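Note that the chains take the letters A, B and C in the order they are written out, and that residue 1 is the start of every chain.
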Amino acid sequence: MSSATAIAPNYELIQQDGLETSLLEVSMGPHHPSTHGVFRMDVKLDGETVVDLQPVFGYLHRNHEKLAENMSYLGSMPFTDRLDYFNSMTNNWAYALAAEKLVEIEVPERADYLRVIMAELTRLVNHVSLVGFFINDLGALGTPLLYAFREREKILDLFEQASGARMMCNYFRFGGLRNDVPEGWLDRARDVVDHFPVFLDEYEQLLCENEIILSRTQGVGCLSRDLAISAGITGPMLRASGVNYDIRKVDKYSIYDRFQFRVPYTDGNVGDCYDRFMVRMLEMRESIRILKQALDGIGDGPVLGNAPKVFKPKPAEVYGRVEAPKGELGFYLIADGTPKPYRYRVRPPSLINLTVLRDMCLGQKVADAVIILGSIDIVLGEVDR
Amino acid sequence: MSLELIRDILVATVPLLLIFPTLFAFTTWLERKALARIQNRIGPNKVGVPLTRYGGRFSLFGLGQPMADGIKMLFKENIVPRDADRLFHLLAPILALIPAMLVLCFLPIDFPWINNIQDSVKAFMLDGAVIFFFAITGLNTLAVFMAGWASRNKYSLLGGMRAIAQMVSYEIPLVLSAVIVVMMVGSLNAAEIANAQAGWNWFIFTPWGLAAFIIFFIAALAETNRSPFDLPEAESEIIAGYFTEYSGFKFALFFLGEYIAMFAISGLAVTLFLGGGAGPGVAALPWLSVIWFLVKIFALIAVMIWLRGTLPRLRVDQLMGFAWKFLLPLSILNIFIAGSALHLLAGGRLAGLDEKQPILRQLMEGANPLVVAGLWIGALLILYVAANGLNQLSRAKVRPREYKYAE
Amino acid sequence: MSLLGGGIFKGMAVTLRNFVGSYFYKDRLTTNDYSWRPSDKLPQHAGEYPKEEGEQLRDTTTVTNYSRNFPMLLHDGSEPMDTIRCVACQICERECPPQCIYIEKSTEKKENAGGKPQFYPAKFDIDVSVCMSCQICVEVCPFDAIVMNSQFELSTPDRFGGLLLRRDDLLKSNDYYHNIHPEEAAARDKRIAEEKAAKEAKKKAAAEAARKKAEEKAKADAEASEGTPDIQEDAE
């Protein structure tokens, strides 16, 4: 894009007599410390100001959707872990939800409770490390990130005890969960959940009033309510732009209608990096509320419903979606009566949230472009698939 | 040049060239260790006594790490980008190190061996020592931009441009806060400034001295590219800034230069505000003053490390705004306050203060506690109100927000 | 109106608390010292951290039993190939999402642990550089022949050969399995025993039914041919 539209609105390159000026084109990435993976931004700079930005991605394309079309339904489950590798549990859930719609399996109650617990723990993991990465992009020397990872480790231990793996959990199955949690797991989970608010208090004390963070993030990367809606933004980013939209509340999938929790959102007149950061901080508190209720309400029972041994759905089309920590994660499946899906499509929140990057970055400083990218919360495994 | 003069020059300079690079090695270890602990890590703890088979067993908290780093740096390949300006690419790290090393001579540290040499080779006895200090430190800017330009890398160029803007801007509050001390002592001679603070008469214990010290320290952070003002080498934005294209020993020279500059500017802060070598026990044991001087330097460096472990970085426009719209007016106001107070005190117009006695001692031990307290409260209140006002002017919209919840 | 710079001081208080706390509280300094031990003292399985004197470790024992790394093949006795459970049915090969299993079926049958002549894998290779530890093979295996190992010290200078585990590398005894995954192994053995018992009961029942039927038939025949001793009571 080199047309006039590529340049930021109201931008004019100053040309003086006898002086030749040109824009500085910088290719940020794919080997750049703050692009969160193999992502590239072609940035045109006037001094330090971004006048044009072109996101380039696809470096991590792994043919996920086509692979899934040549594989049994169950075989794709471990691959969904690798989409958004921070939140394998919610990825599993979205896929399981879609497949369960295909064959209409009932999920046992205990499995549903465990699913909610796993998903909300995942949300804690994601938000707490996202905030860490975000502050890292702001230039802190990794201190908040390492605090976040210290806490994340405790939750990953829980995941490992339940599923055998820390990140690539592959824990959900059509009709429930692969196995029940081991003995004493719920007590350990309760312990972790009870201690998390203590850490959050400290985290908020470290970050939320820091003048440098406030002045760096407020008024930076504003995303208007209208643009957010029309671009299909979902998740905390949409709520930071002032739209009260949470699929846990809208769809009430699984057993989310049983829990008391609130959805933080803004009144939508700013929608900047600070809002996106704060909405995530506040969401963690609500996740803890859900977790406490779920851990109290969980009962005994089987964790796997009577799923068919051979998964061979009748021809149908389904769309299953969950509120992943990053936004609406959906799986669209077309079954044609064979054990393999005819079409398998992922609606990745990271990719769709990334589409407004340019609109948010134009006219900002180059340092802001980095934190705007950080505040979107992308995982390249999900963007490129 | 007589043989004696040459000997004196060597005695005055060679120990500095040995002591401070050693301290630099120790500081890198200290910084990594402290940052690690701040971040709940262990930090370097593997490298032990080098060249022994017990290296791992007696790791001494990883104190061998700087030496291992140094050896690694020496043996690393020296990569020069194809299109780089080879001469200036080579010169830049050298030019970064030399001024930093030079200004060490202006620190009035009473090493035992310099008592016997003639005064003319003691740089800190120079009548314009403080001015010289700032003049030579300014050279650093040149080296940084030279590195940024010669590397032929856009990130380096951005880093170099940022460095120039930053260093030139922060030089002004830095010098203006040093002016307070010069006003109080009436001399630019570093040794005289340090002597004036003998005992507990440190200038930081005066209201304007305290304010000047804070401004000086903030500006010093920016001068030495330390967090939160490490924009020229902002990792998350421009990779490593001006030394993106440097590797091996050239990078080590930059690194060394940066830390030596940290020592130098902390040493100046100690000289100007923290009483130089003054401290308990110095009267009885004169060599203690060296220890006190170094302890104070390390105290300041510890604060720098602490800040680095806590704070994110400012943005480039905020950085400039902070220098010009906040620090500069404040330091001018501070000079005004200090000037009026000193004038009133010197004229003896404030009751209870004796104009013949040293003003500082009176402020410390104050003939009239009310006057002393009034001075402290008045001066700091004016400065705080002014700072608050400036803050409100520059970033009025920035504050924590309230959020809505949907049930 | 908050104090000027107050947020920064608050943050500095937090970092100071962590700095000091990391010397006193284990939950602040969670790092385990690991990598600089002599190689023979390195743990091979999760949770197997050999403690040195004065060393404090995070409680990893709760994690150990459940971690999974790469698959292994189970055998029941001391002689691996005589008691191998795998019958080379190749379901895992077909179901493996990253296609990292390669099996060659034996041409002749051989007696296995159950004492029945069965096929066995002449070749069973797993390329662990491709394997993603998803455990699908374990789930689809009808013979409980493949389970997950937790060994992780697998680094090798040989990029291709060293990471291609052959059948004999993969064969591990059931005792070993009990050792690394006690709970899971116990549950699995219990299930196998139950299934076996159920199967045997079913078999027995089937045999019983067959016998009954035969007897009834015989009785009917006898009745038809008159005057026979009653064996029905013995059968009860």
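Note that in this section contacts are C-beta pairs under 8 Å (C-beta built on N, C-alpha and C of every residue); 3 or more make two chains touch, one makes a residue touch a chain.
Every value quoted in this text rests on a predicted model; they were computed, and no experiment measured them.
*Asks:* Centre of all protein Cα atoms: which chain's centre is nearest to it?
*Replies:* Chain nearest the centroid of all protein C-alpha atoms: A.
*Asks:* Once you count every C-beta pair in contact for both, which comes out on top, B-C or A-C?
*Replies:* Answer by contact count: A-C.
*Asks:* Where centres are the averaged C-alpha coordinates, which chain has the largest centre distance to chain B?
*Replies:* Computed centres place C farthest from chain B.
*Asks:* Quick one: chain A and chain B, Cα centre-to-centre, how many Å?
*Replies:* Once rounded, the distance between the two centres reads 43 Å.
*Asks:* Using mean CA coordinates as chain centres, what's the gap between chain B and chain C in Å?
*Replies:* Averaging C-alpha atoms per chain gives centres 61 Å apart.
*Asks:* Using mean CA coordinates as chain centres, what's the gap between chain A and chain C in Å?
*Replies:* Centre-to-centre distance between chain A and chain C: 33 Å.
*Asks:* Can you list every residue of chain A that touches 2 or more other chains, as numbers and ranges?
*Replies:* Chain A, residues with two or more chain partners: 143, 147, 150, 206, 208-214.
*Asks:* What positions in chain B touch 2 or more of the other chains?
*Replies:* In chain B, the residues touching two or more other chains are 38-41, 309-311.
*Asks:* Send over the residues of chain C in touch with two or more other chains.
*Replies:* Only 8, 11, 14-15, 18, 28, 30 qualify.
*Asks:* For a test of understanding, state which residues of chain A touch chain B in their complex under the given definition.
*Replies:* Residues of chain A touching chain B: 24-26, 32-34, 45, 47-48, 135-143, 146-147, 150, 206, 208-216, 218-219, 244, 246, 249, 262-267, 274-275, 278-279, 282, 365-368, 370.
*Asks:* In the complex, go through chain B and note every residue touching chain A.
*Replies:* By the definition above, chain B touches chain A via 35, 38-41, 154-155, 157-158, 161-162, 227-228, 230-231, 234-239, 308-318, 395, 397-401, 403-407.
*Asks:* Applying the document's contact rule, which stretches of chain C touch chain B when the two form their complex?
*Replies:* 1, 4, 8, 11-12, 14-16, 18-19, 21-23, 28-31, 33, 36
*Asks:* Would you tell me which residues of chain B are touching chain C in their complex?
*Replies:* 34, 37-42, 45-46, 56, 306-307, 309-311, 384, 387-388, 391
*Asks:* In the complex of these two chains, what residues of chain C are touching chain A?
*Replies:* So the residues of chain C touching chain A come out as 2, 5-8, 10-11, 13-15, 17-18, 28, 30, 62-63, 65-68, 95-97, 132-136, 139, 148, 183.
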